[in-house]
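Both complexes shown next keep chain A, but they swap its partner, so chain B is in the first and chain C is in the second.
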Partner chain A sequence: MKHVIYTLVLVVFLVSCKTEGAMEDCTKDSFDRGALLTNWADNIIIPSYDLYVSELMDLEATSNAFIASPDIQKLETLRADWLAVYTTWQNVSIYEIGQAEISRLRDYTNTYPLEATLVESNISSGNYNLELSTNIAAQGLPALDYLLNGIAATDADIVVKYSSDPNATNYKAYLSDVVSRLKSMAISVQTDWKGTYRGIFIANDCSSSTASVDKLTNDMIFNLEKVTRAAKIGIPIDFFGQPPMIAPEKVEALYKQNVSKELLIASIKASQDLFNGKFFNTEEEGESLKSYLDELQIEAGGKLLSVVINDRYDAAIAQAETLDDDFYMGIQSDRTKYKITRDRIHSIIEVLKTNMISALGIKADYNDSDGD
Partner chain B sequence: MQKNLIKAGILAGMVLLFTACKDDGNDLGDGNGDTGVITNVNDIEYDFNVPSTYVFERNNETTVSFSGQSQRLAMNKEILSYFSVTSGKTTAEIEAAFAHEAGNNDFIDAGSLGLNASSKNVKSKIAASDDLFGSDAVAKEAIQAVFSAYIASQVADVVPNKDNTATEGNAGMIADGSSTRYVNGKGLEYNQAFAKGSIGALIVDQVLNNYLGTTRINNEDYISKNDAETLEEGKNYTKYEHHYDEAFGYVYGDPSVDFESPISYESDSFLFKYITRVESDTDFSGIQEQIFKAFRIGRAAVVAQDYDVLKDAVTVLQYQISKVIGVRAVYYLQAGKNALAAQDFGGAFHDLSEGYGFVYSLQFTRNPETDAPYLSASEVNSLIAKLEAGNGFWDLTDGTVLDEVSDTISAKFDFTTAQAAD
Partner chain C sequence: MKFKFIPFIYFICVALSIQHLSAQKILNKIRVSVKDIETNQPIALAQVLLSSGKELGVTDAEGSIEIESMHEGKTYFVIFSYEYAILETQVEISSNNKEIIFKMTPLGEVLSEVELDNHKKEIFNLKRLKPVEGTAIYAGKKTEVVLVEQVIGGLATNNARQVMSQVVGMNIFDAGDGGLQLSVGGRGLDPNRTANFNTRQNGYDISADVLGYPESYYTPANEALSEIQVIRGAASLQYGTQFGGLINFKLKEPQINKEIELVSRNTVGSFGLYTNFTSVNGSIGKFSYYAYYNFKRGDGYRENSNFDSHNAFAHLEYRFNKKTKISFESTYLEYLAKQSGGLSDVQFLEDPRQSNRTRNWFAVNWNLLALKLEHKLTSKTELSLNVFGLNASRKAIGFIANYNFSEPNPFLDVDEQDNEGNFIHERDLLVGQFRNWGAEARLLTHYDINDRESVFLIGTKIYNANNTSQQGPGSKGTDADFNFYSDRYPEYPNQSSFNYPNFNTAVFGENIFNISDSFSITPGFRFEYIKTTSEGEYLDNTISEFVPDNRSFNRNIFLLGIGASYKPDNYFELYGNVSQNYRSVTFSDIRTTSPSFVVSEDITDEKGYTSDVGVRGKVGKNLSYDASVFGLLYLGKIGTNFTDRVGWERSNIGDAFIYGVESLFDFNLKNIFWENYKQIKNNVFINTAFTNSQYYKSELNGVEGKKVEFVPLVNLKTGTNFGYKNFMVGVQYTYLSEQYTDVTNAPYNPNNATSVEGAIPAYDILDLSFSYVYKKIRVETGVTNLLNNSYFTRRATGYPGPGIITSDPRGYYFTFEFKL
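And now, the complex of A and B:
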């Protein structure tokens, strides 16, 4: 009996003294995290995957039609379908959780700059495995960008690659394989969400570093920082360079050349919509980080923090609107306005990573290096 | 019987629990008042050698480096020179120097510090400590904006009126003995607000709340690397050593200062200068050695991997450095009061402008007993509002408000207004 009591006391002691990072218990506040997670899953994430997958199916159909009898008109249709997929992808990119995280969906879907020489050598050999990580930079949406826009100088010459070129069969096969892989990866994540993962995601409604709210919030911030801010602008303009050595060949959708801006804006909006709990493709809003902050009445600088955050998203989008459709040319002619846009995005991240996550008791699961 | 045993067991467990869970930030105090926090450097007990100068070596080469701090102090000095009404600088030019980016020719850049090439700047380190601002970017940006506003207002309001005599509500010049001061409509010199405010927002905040703050000092990764003497790539120091030296460098990093045994402030115009000024008030003599010795003990403790002694040195630094800010705030407010009583408006406004900056700096101090600033940001803002009410310094002639503000400050510390005033 005594031993039992002592053990009990010891347990109390251990529980009371444990620190963040150690095994955490399920602490909750007044906010209904389950409702938040349900809104994210049912009204935002799963509908995003549904549209993304259905657009990939359209893309596959037009791709098959193009492969069957290549011509310029079908090439144009194929490009339009590709752009629709690429735009929806900007939402899907954020949700690197569950099966998406396991299969590294983001890396395999949108790693750029593309290694065009690797693509060409894969095509000429006809011997490649897109499931290998060594081929990450030779597939996905950037590979399609190249295959549909970059493999020859004119539309007519591009069509030639898929018709009378000696390697036409291999070009067709590669196009088909890249599309298939995009589709199959997306479907496996979608299927998982619609099967068991939705329940797992929603049930994990604690406050801890591995809980769903904490994890997806970190994913959202990470995506805005690394995918939106750094990859789309910071790296091409060599933000930290002393002196900067701009790298226009590192912009997103390099070969299409006139859609970088709309992809950037779609990416910022996707982040803002998730913050606001806005339903995918409708204007309705549900439980969200915003409503969570408002429920806790969190303020910063005399305003509701959610207002501060939305103001910053709006300012970033407004600045992004001033950019050129074609970043490849744009950053070579006026780097400054890109830098300002990058700073506007950074100012969103600053307040998300400091005021917001501390107010919500969320711990950042990744860190920048600390300056000097 | 059984019940009593159980109770005793629970009680013992509770005692154990409280003992074991005690915050390990500021413990191990020995005999300095009843708080357990050491504030006098001579109360620190240690069993390793502490050098009499700030010289620390590994393999016969120095491990001390704070070039980034020397650069920032030099940048700040040059930015302040741009406040001169004859500098001809635009707001954009001064702001660009404040938020300098590597490679831009924002500075005259005399000497060998390489300011223009440097990736460092002043603005990004204003109100940027991990401990105070790590979870509030909005507050950080608001304070940075205050400093940018000093720049903009100087160029927009004061420079155009440099040949007019300042009057209540109107910016202009005002004589102070043989000097001429340039003030805004409330009597404030923006360069003093910037200079003395940055002693708190840049220097004290980085020293006490960042490099010697809880977040850094308790960082397990840094500690384990220091324990293993893992050196930073291409360097002769551990990260922990370097962070400590960066704190030191903000105080003694002006290139003119003999940092190994700093006695005279030479051409420093920031914190170290005012440490020596407080030292010269007999009520506070010894404070200069308190601070320098605490820095040496703490640094030796880092080398000896004795983090308890390090924390004792840190509480001394928190207490003594914060006190410098408190004393100088009260000193200048009282000096201003006396000058106003003597109808010396120019001299009074200069003193009050310095005081204004030191008052602003109080929100970056750190009380070792609470780990919070001696005065909170909102307390500071309400004191600033009192100084700026109506026509500002012009309205302070009867001294009541200045005494009230002075007493509010000294009550937060363990000195009196009278002790600080002389």
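And now, the complex of A and C:
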């Protein structure tokens, strides 16, 4: 019987020796996730923020000039700057990670449809706090869309709102507040990336639900699903409705009207560029989800999975090109081609959300709301 | 004291061998009388045992007991009565002696704490390894018992880390709420509300719903306990089927020789802690009682926390005669706690005291009734019947998440206030009501197969529950208002109302077959019929309408298990067991509260096996041990997965294996260093669990090959107790290595400000306790977390966080007790 005891003591001893090694730092496969993260941070995300912030600064300057002496010409300049910001935003929208996630950058920047009545009541009372989530649908780029395009029927009447209208001071203040909140939120995220967050983001190169690759990949899919597919097309055309009750007033850039297609295509392209690791605003490519899949030699239906994915992105963009510039009118005249575009985007999501993440061992994000 | 262990064991061996050699002839009735050696007066209520631990009975008022069917030859008896020295003696039994008289020596006027402790421990050691107790079979199982009265520190504060320090592998949430909520797990099972154990008090269930909602909101005050009994996974056959096994809280029993004894304890401690524990107990004739009241209040270590709790318990029993006893128990618990929410890693490192939840409250009301009938049908057959009922509620109100955002995130969302300082969000209110009753009957009989005694147990259980849960909008205020404001905030997204009628019957049996004098095999079975039902509706936010969701799962489950014990002598046992376990699908597993996911049509209970192989006993007179290896196979863990066909689907998605080595060694240093000083007590214990685990199959991406959450590789508790006369001191050191909290094994990240997931870093805690007794007065004091380590043991995914739930830094307590 002593032997049994000795054996057990020995086992205990051996196991305790083994504990010296403790837990391995993290799980990894053969692919260099650090290089992927570095490419994302240095060549895609940070350059996107740089451009976005500089465009917001231009916007602020033109907005200040407009507020100082409103006229139609300055309004046009302001609209052009707003559109540039909105287009770049389609890239930035994807990176809901780090400070952007904490400050809810996407919700405060681009929640639509806008609550125009809330904007008007904020303006007339002059008493509002844009930092409260109750004002989420009364600020951001959709609020600027309204302030620059929607508050009156003609350009001349819009200028009147900022000059001779009894509430002109409040309109100017609101415009200024919306612009400066957009800018300050963007700058705080940009500053964080350029400060400590870049290092934290790249160092978190493991494979787990909190790892950078896992999180940003989930962000990319989420953006394509909820922001691109659902918000830009699915909801306005009431995709699931039986029968559908189309809601053209829910399109992006409702008041400008002729830029919805542009913004949609920018959004799909931003997603595809991130997938391919394409440097922001250049043609060069670096380590990416595509190179990750290729390194692991993942195939689907006899083709490289990355090729399948790119084919689907291309098909979705090609279909989107057939849409009207103005979704508000287009949806009402021919819902079907919007539905097809929505399905094409969905087919990208399908393959990303099943084949790709399973090949890369990335667990789909899910917030369980069961409580206790 | 003349008592020495070596000769004792020697005699037992001799006694055993002789007893078995002459096992042929069985004699009929023998009368055993027990008397005081000095006065020659009979001693009532003395326990008479064989050295094997088998209990022959308790003496009556005349100090005697009649024993049937004794074997002829030398027999070794052990007799004890609390006021006398333990008597062990060998008697030659032959056909011509009809009466044996034992004379016991009184323990003397006043015993020191050390002497009393030693005395109790001796009695316990005699009883502990019994294969059968009452109507329960323990043979071949891994059982652990905490003698709560011998615990030096942490009683008034219900500090499980200290009280359960000698239970192997316990993973404990150190919540710092005065011990209101016990959360212990082990072997990779979630500690939350001790849900992976079948939790009982004096043998009956106390959790919210044994199958559908196994969380325990109530556990009795440690100051009222005599023992905490733990039986690992193999308890699945006789008790609940949980993987963790059984935890049974055995309360103190009434004193038999006193009409009234009153104990009052008052404790003050750090962070505004005040507790009062007052108990009365005694016996009047055939009637005995034990009752206590326990009040607790505290401010908590963190901001925005406090609690106020009232707990009362009464046990009444009436012994009709030696054969029949009936007892009735009633338990009441009511508490209100303000909860400070959770923190991110960044916030925790910045200041673990901070809180960003200022209006979260939690209230529990628990009412339990139990009636127990114990009856000896014959000298070989016993019957017990337990009937119990629960009427309880738990209510939680608090700010959960900001639903103005596209992705509400309880972890990131702040509880916003407007410019006037008023909160702008209605709080989430979740109310659970639990009404259930059950009955469990057991029959145990001893019978012979080829002159060897076998023991057969058969039991049945019926359990009927009718629970409800409702979730919806609470007020926008800051007080503990547990009313729904559904009319005022009809748009509130998290609204649901469910009824959970649940029905369960079980039949179970076990039999000890003694194959030889030293080897026994105990096979067993359990058959269950379970009907888990969920009926109700939830608000579908996409269409702003309530949608019904009714589900019912009926199934029959048949479990088997087998245990074996090889016990060649009284100081060594090799035991082993394998048994099937399962975790019933719970209500929250089968209901949906969101249209975005579905419950798989073939979702089923999580099944598996547990097995222990171990040795326990004593080496020489200075080392006692229990060391074992275990394996736990967990099949069909329930989870939510994304599938391309239906979107999010909840189903059985993963299989895991958890295995380890668990051991408890207790060295009696007194015999080595202070052998001749009977007023000294000194021991060192080392309690270690080395556990490893792996998900070897999973339908979730990135999970296969990962470790199971809540499994620290090393779980060590070690300490020493030293006593001199009436003074005791205990030092305890606890160390747990790093453990993951999610299936993807998210590592610890000190920069994390956005995620609830992440490992819990390794932590170590040093606790120091003292006690001193002077006549009727006892004082206890101690320092918890002497090293003042800043640590946490829990990351809550939702309630009561979300996020890191901080554990307490260094704290002090002081207890003053007097006894009348």
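Going forward, the second predicted complex is superposed on the first by the 340 of 372 C-alpha atoms of A that agree within 3 Å, B and C clash if a C-alpha of one lies under 4 Å from a C-alpha of the other, contacts with A are read in each partner's own complex, and residues count from 1 in each chain.
Just so we're on the same page, contacts are C-beta pairs under 8 Å (C-beta built on N, C-alpha and C of every residue); 3 or more make two chains touch, one makes a residue touch a chain.
Model, not experiment: these values are computed from the prediction.
In the superposition on chain A, A:134 contacts chain C only, with no contact to chain B. In the superposed pair of complexes, A:314 makes contact with neither chain B nor chain C. When both complexes are overlaid on chain A, the residue A:354 reaches chain B and chain C alike.
Once the two structures are overlaid, the count of chain A residues touched is higher for C than for its counterpart among chain B and chain C. Contacts of A:300 after superposition: chain B is touched, whereas chain C is not reached. Once the two complexes are overlaid on the shared chain, A:207 sits against chain C while remaining clear of chain B. Of the two partner chains placed by superposition, only chain B is touched by A:243; chain C is not. Annotation: chain A residues 1, 5, 9, 12, 16, 350, 353-354, 357-358, 371-372 touch chain B in one complex and chain C in the other.
Within the complex, the chain A residues that touch chain B are 1-2, 5-6, 9-10, 12-13, 16-17, 242-243, 300-301, 305, 308, 347, 350-351, 353-355, 357-358, 371-372. Residue ranges of chain C in contact with chain A, taken from their complex: 396, 400-402, 404-409, 412, 416, 418-419, 424, 428, 430, 471, 494, 542, 568, 572, 574, 588, 593-594, 614-615, 619, 625, 627, 629, 640-642, 644, 648, 661, 663, 688, 690, 700-703, 705-707, 713-714, 737-738, 742-747, 749, 751-755, 757-759, 797-800. Per the touch definition, chain B reaches chain A in the complex via residues 2, 5-6, 9-10, 12-14, 16-17, 20-21, 68, 102-103, 117, 119-120, 124, 133-142, 246. Those residues of chain A whose C-beta lies close enough to touch chain C in the complex are 1, 4-5, 8-9, 11-12, 15-16, 19, 22-23, 25-27, 97-98, 101-102, 104, 106-107, 111, 127, 129, 132-134, 136, 196, 200, 204, 206-211, 214, 222, 226, 240, 350, 353-354, 357-358, 360-364, 366-372.
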